[in-house]
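Got a structure for you, questions after.
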Amino acid sequence: MAIAEVTVIPIGTATTSLSAYVADMQRVLASQQGISYQLTSMSTIIEGPLEEVWKAISALHDAPFMSGAQRVSTSVKIDDRRDKAASSEQKLQSVRSKLQ
Amino acid sequence: MAIAEVTVIPIGTATTSLSAYVADMQRVLASQQGISYQLTSMSTIIEGPLEEVWKAISALHDAPFMSGAQRVSTSVKIDDRRDKAASSEQKLQSVRSKLQ
Amino acid sequence: MAIAEVTVIPIGTATTSLSAYVADMQRVLASQQGISYQLTSMSTIIEGPLEEVWKAISALHDAPFMSGAQRVSTSVKIDDRRDKAASSEQKLQSVRSKLQ
Amino acid sequence: MAIAEVTVIPIGTATTSLSAYVADMQRVLASQQGISYQLTSMSTIIEGPLEEVWKAISALHDAPFMSGAQRVSTSVKIDDRRDKAASSEQKLQSVRSKLQ
């Protein structure tokens, strides 16, 4: 299981609002198999087997082109831990337990 | 108002667990003025006036050194919109309204 | 043609030096087909058809695990322009011409 | 001494070309004290004392607004090593020596 944080920015969109593109990307994610995902105000967090996460990232990157963009800047950060299972919920719980 | 997404990784920590460092960073954030923040499983989202956000990012970057780290890799993404107010909540609401 | 910037950080290494891991990653890149690449002091820049670039990024991400790492944080930024060809050299030349 | 990699993307520009903005940013960097910098095809690498690097990053982030942008997405990665001096050139040399 890997966790990824993805931000996809269409360039040259003429307007500063990107929410229509972000909405299109959420629709693309909804059709991806084997992952869970969550939208934050800065990116989308994707969780699942590494192979499925890569597929979802690639689909997200392609989405704005489908919506008319001609240039896209995609940023990805992947946290891949193989010594133990580490879901988003477990990572957050681990920090919370240390804050108490 | 700007919104930033920050991930701070101490390098050479000997163990793969970073939650103690993340907990220390949350304590540092709690002492910062003028910002709100939220921990996700991949980063910390900070929101406030740009000047205060930069101060908080700088403090976050320094935190692992206080906790004993000798090398730190910090990643930051800032979304700064000056044509209209854009809080985290407004950004999410804008996407949600387009998904309906 | 897409251009990517990739940084791969093994987490929980015994020392703060990562150059042995970076050297292993360069060897992995040397075996990838269809791309060109360049090491900077902060990342590796990869250039080629998007499909080949994704494969190279995936191989880079896997490399530290082959070298013994148990957890890896990989950061990627992709610039994908489809309205005109845009190589690394063309991008730099375009900026240089505007600086004169 | 810290090393940073910075990418600044103006959002909502009329065209997909960003080279004029990048040229303006290089002019802003030329006026910053105490740092050295290098433009790659994907970002600008800045090197110097941490305090000066933060100032340069902040100036880079502000630059597109001076050039007319209304929204900017800035990505930063900082490598800060305090157990030994680590310049860009030393980092590259360390990898090269391991590749031989």
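Letters are used for the chains, namely A, B, C and D, taken in the order the chains are written, and counting of residues starts over at 1 for each.
Everything that follows uses one rule, which is that a residue touches a chain if its C-beta (ideal position, glycine included) is under 8 Å from a C-beta of that chain, and two chains touch if they have at least 3 such contacts.
Molecules present, by chain and UniProt name: A, B, C, D = MTH1187 family thiamine-binding protein.
Bear in mind the structure is a predicted one, so any value in this text is a computation, not a measurement.
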{"item": "Higher-contact pair (C-beta pairs counted), B-D versus A-D", "value": "B-D"}
{"item": "Per Cα centroids, the chain farthest from chain D", "value": "A"}
{"item": "Averaged-CA centre spacing for the pair chain D and chain C, given as whole angstrom", "value": "17"}
{"item": "Centre-to-centre distance between chain D and chain B (centres being mean Cα positions), rounded to whole Å", "value": "19"}
{"item": "CA centroid of chain A to CA centroid of chain D, Å", "value": "25"}
{"item": "Chain D: positions in contact with at least two other chains", "value": "7, 11, 16-17, 70-71, 73, 75, 77, 79, 81, 83"}
{"item": "Contact footprint of chain C on chain A as seen in their complex", "value": "54, 58, 61, 65, 70-83"}
{"item": "Residues of chain D that touch chain C when the two form their complex", "value": "3-5, 7, 16-17, 19-20, 22-23, 26-27, 38-43, 45, 47, 75, 77, 79, 81, 83, 87-89, 91-92, 94-95, 97-99"}
{"item": "Residues of chain A defined as touching chain D within the complex", "value": "7, 9, 11-18, 70-71, 73, 75"}
